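Consider the two complexes below, in which chain A is the common component and chain B and chain C are the respective partners.
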Partner chain A sequence: MNPHIVLRVGAKLLIPVIVLFGLYVQFHGEYSPGGGFQAGIIFAAALILYALIFGLETVQQAVPPGAVHALAGLGALLYMSIGIWSMFAGGNFLEYKVLLADAQLAETAGIILIELGVGITVATVAITLFYAFAGRARPGHDGD
Partner chain B sequence: MIEHHLPALQVLLPLFAAPLLMFLVRWPTLAWALTTAVCWATFLVSALLLEAVWAGDPISYAHGGWEPPYGIEYWVDTANALVLLIVSGISAIVMPFARDSVEQEIPRDRIAWFYTAFLLANAGLLGIAITGDAFNIFVFFEISAIASYALIAMGRDRRALLASFTYLIMGTIGTTFLLIGIGFLYMMTGTLNLADLAERLPAVRDTSTIRAAFAFIAVGVSLKLALFPLHLWLPNAYTYAPSMVTVFLSATATKVAIYVLLRFFYSVFGVEFSFGVLPMGYVLMPLALLGILIPSIVAIFQADVKRMLAYSSVAQVGYIILGFSFASTLGLMAAMLHLFNHAVTKAALFMALGAIVYRIGSTRIDAMAGIARDMPWTMAAFVVGGLSLIGIPLTAGFVTKWYLLLAALEAGLWPIAVFLLATSLIAVIYIWRVVEAAYFRERPAGAAPVREAHPALLLPTWTLALASVVFGIHTALPIGAATRAAEILLGGYP
Partner chain C sequence: MAVALATVWIRNLFAATMLMGIFSLLAASLYVLLDAVDVALTEAAVGAGLSIILMLGALVLTTSREKVHDARHNLLALVVVLITGGALIYGTMDMPGFGDPQAPAHQHVSPRYTQESVAEIGIPNMVTSVLASYRGLDTLGEVLVIFVAGVGVLLVLGPGRYRRRHRGPGKEQE
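This part shows the complex of A and B:
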């Protein structure tokens, strides 16, 4: 029925691993090479691979463009909120070591939250770019 | 507590509001209101910052609590406080104007996105001016530039896309050169903090790496500030951008880039290196003179008034760079003064033009024939701005040309003084063409009747037009700030 059986099975095998690796790069970023930016791109790559194999509509049913836009804004807001919260807690902007009693724990927690914000925004912006270009290829369909 | 955080808030307010606007796509008026509130708040912050550094010492703010030079530092002294005031002031005044103008020129479902991009451009420009970190300058350049490309591309005419794309290519080359230059500096000194760079550079400055870094930064930033002959992206970008974007970018984007060049030449590399060891005076002065002369002449032959004013902007950059190239306190002061006065003057002119576009939908000089009878207030504002652009006494433009003359005479370059007077006459010609068409020609037969612009458009236009007169008579604030800024730039970092 579908001629691309190898691609479909291969993608189904690969995508969970890509997502898992993305999460690893995201949350291990403060100890090893990686971080929010790289993880966001890896995460988006998993979704884009899925879209390439199974079609744009299938992906957009699971991950609608509106939600992607909202998450892109929320990620940036999360990043800056941590910074502003540190200002209210008595530190400078992004001085998140003042957020908890244990300064070292606060540093770790702060960087993980900030990288999460970066990861969300980078992944969703990459997906938005893909949606925009992929949507434009279809005649009469205005990719947004 | 809040005073301590003012430098961070200066950039943070527009940067934080930008993603918030993404959630207001369905409520364009609310998006406009939030943007306006944020712009006025940033204006207040920069006024407070200027007041603080006017009286006292420069302010340093360590992001994340990491002490400079290790962390990213925001550094405010009178020189960049003046630039911050220009950027935030223009954005605050343009917002009341923007409401009607943007509603007419931008599709309704994109208005919130438009303001998101506007706030990002605003935050980027403020960030460039306020940061004390070389790499941070590059990052903010990219933030403001990418947002500006989007803003310009939203122009009504499809040619806006091409204009935006050209700007994208040229702008990217510019910031890449800047980044290469900063990379070389980092290679030789191991630091990115501007004050720290100024301290460490003298030890290594007689190397080809530092000379290459200087060249890359000079060319890269010159592309961004549209120094003749690197100005080719500017006329189209300004012509096809939405009215409000032209007002904002013409008054701020090139000005901020000029400030960066001043900072690098005078404070980081030092005046002795830039103008003594390297002959930058002999490079910048001819470019400035050509940059005044050729675009002014080109402006005369434009059929589109917006494009004419864009070429005039290139010429005005020439005046600023001329003051800059004298490498004297007086010349530098004239440059800083023109930075301020030209921002006010050109914003008033583009705003008056925006009000005309709102009514007649065109910026062609033929379409403007006879409209002064129907739109007397708008055209009067245009004339006041035009007088200031020419440099008639009692306007802001006169004050800067006067100090440029003094600086030229002080340097013993009287031919340049004559040249300045002659080029002012060229400005008379191109402003007169518009005045002649609007006041002395008849409306074309069959043209739709035109009404005076809405007060919401007129009020900001007249605020700026009057400001260009007020700052020509009551010169204490701009001259005082420009003099102190010049002293600080020449003095380097304490």
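This part shows the complex of A and C:
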């Protein structure tokens, strides 16, 4: 515990900022560079940093792999259900402007929702990949 | 370019992974210079960050030294690579000049995107509106590709060991 005190304190300071930046990139993607893909990766990076410093078990207690797998499917499902919803509302697949009365507002809302789906799927798949690789590291191999 | 060549030449896979990260970071700064900030952000996050972490994870599972093969070079492979590379370079001869306003890419749907997307979609970032609205189906495809990639890794590697109840002696290693 003691030898990595600087890493631990530094990570504790950094991780909240990284998560906040991820949320900013996610929900400010309409006004500034960013969007679901980038935000998802940034979000996953915060979790991976935590796992690298505090150990995989600690992270998996907070964010269990089962929940991550479920969320990965849920993100893609959210994206597709927006598309199917717009079909039920009388438009084409993923035609957002039929969702609400105000076409411009509906486009914006649709984009925010599907970006949310993209972000959830990308973040959880990235975390899944990391779990899959890191979870197989043998005790003899100390490399993380 | 020098970094890319060094990545190919170097035998230590750990150093090669680090060089790839540097290459991604340089590419990201190049995208910033070209005003493609969205792409730069993606390249920096995915190329320089996540993929390097995953490669390091793979190196931990395997080995960090590249196997040195027989030094005799495969002549057929060299010929194939030269022909393919020559064909690709020949293909770039037909491309319009950089920033040419008459280029086909600036003629077809771009004027509509650049001039009307703000009124149609109501958000200032054109990249987002093209990505998520005009080409929404393509983006759905990308998300599904990522999802399928995650499922594939899970199928091949297994879901990782959960190790919550049973803690082996290797627990304190990190």
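The rule we apply is simple: the second predicted complex is superposed on the first by the 137 of 144 C-alpha atoms of A that agree within 3 Å, B and C clash if a C-alpha of one lies under 4 Å from a C-alpha of the other, contacts with A are read in each partner's own complex, and residues count from 1 in each chain.
Note that a residue touches a chain if its C-beta (ideal position, glycine included) is under 8 Å from a C-beta of that chain, and two chains touch if they have at least 3 such contacts.
Predicted model only: the values in this text are computed from it and were never measured.
Enquirer: Can A:Ile48 be said to touch chain B (first), chain C (second), both, or neither?
Expert: Second partner only, chain C.
Enquirer: So in the superposed three-chain picture, is A:Leu7 touching just chain B, just chain C, both, or none of them (first/second/both/neither)?
Expert: Once the two structures are laid over each other on A, A:Leu7 reaches no partner at all.
Enquirer: Figure out whether A:Leu94 sits in contact with chain B (first) or chain C (second), or with both, or with neither.
Expert: After superposition on chain A, A:Leu94 lies in contact with both partners, chain B and chain C.
Enquirer: After the superposition on A, what does A:Gly117 contact: first (chain B), second (chain C), both or neither?
Expert: In the superposition, A:Gly117 touches chain C alone.
Enquirer: Considering only the touch criterion stated at the top, classify A:Gly29 as touching first (chain B), second (chain C), both, or neither.
Expert: Only chain C is touched by A:Gly29; chain B is not.
Enquirer: Looking at the overlay, what does A:Ala132 touch: chain B (first), chain C (second), both, or neither?
Expert: second
Enquirer: Between chain B (first) and chain C (second), which does A:Ile15 come into contact with in this model arrangement: first, second, both, or neither?
Expert: In the superposed model, A:Ile15 contacts neither chain B nor chain C.
Enquirer: Once the structures are superposed on A, label A:Gly83 by its partner contacts, choosing first (chain B), second (chain C), both or neither.
Expert: both
Enquirer: Touch check for A:Pro65: first (chain B), second (chain C), both, or neither?
Expert: second
Enquirer: For the overlaid complexes, name the partner, chain B or chain C, with more touching residues on chain A.
Expert: Residues of chain A touched, chain B against chain C: more for C.
Enquirer: What is the shared patch of chain A, the residues that chain B and chain C both contact?
Expert: Of chain A, residues 69, 72-73, 76, 80, 83, 93-94, 96 contact chain B in one complex and chain C in the other.
Enquirer: In the complex formed with chain C, which residues of chain A make contact?
Expert: Of all residues in chain A, those touching chain C are 25, 29-35, 37-38, 41-42, 44-45, 48, 52, 55-57, 60-61, 65, 69, 72-73, 75-76, 79-80, 83, 93-94, 96, 103-105, 107-108, 110-111, 114-115, 117-118, 121-122, 124-126, 128-144.
Enquirer: Can you list the residues on chain A that touch chain B in the complex?
Expert: 69-70, 72-74, 76-77, 80, 83-84, 87, 91-98
Enquirer: Can you name the residues of chain C that touch chain A in the complex?
Expert: Result: residues 37-38, 40-42, 45-46, 49-50, 53-54, 56-61, 119-125, 127-129, 131-133, 136-137, 139-140, 142-144, 146-147, 149-150, 153-154, 157-164, 167-171, 173-174 of chain C touch chain A.
Enquirer: Okay, in this complex, where on chain B does chain A touch?
Expert: On the chain B side, the touching residues are 5, 8, 12, 15-16, 18-20, 22-23, 61-65.
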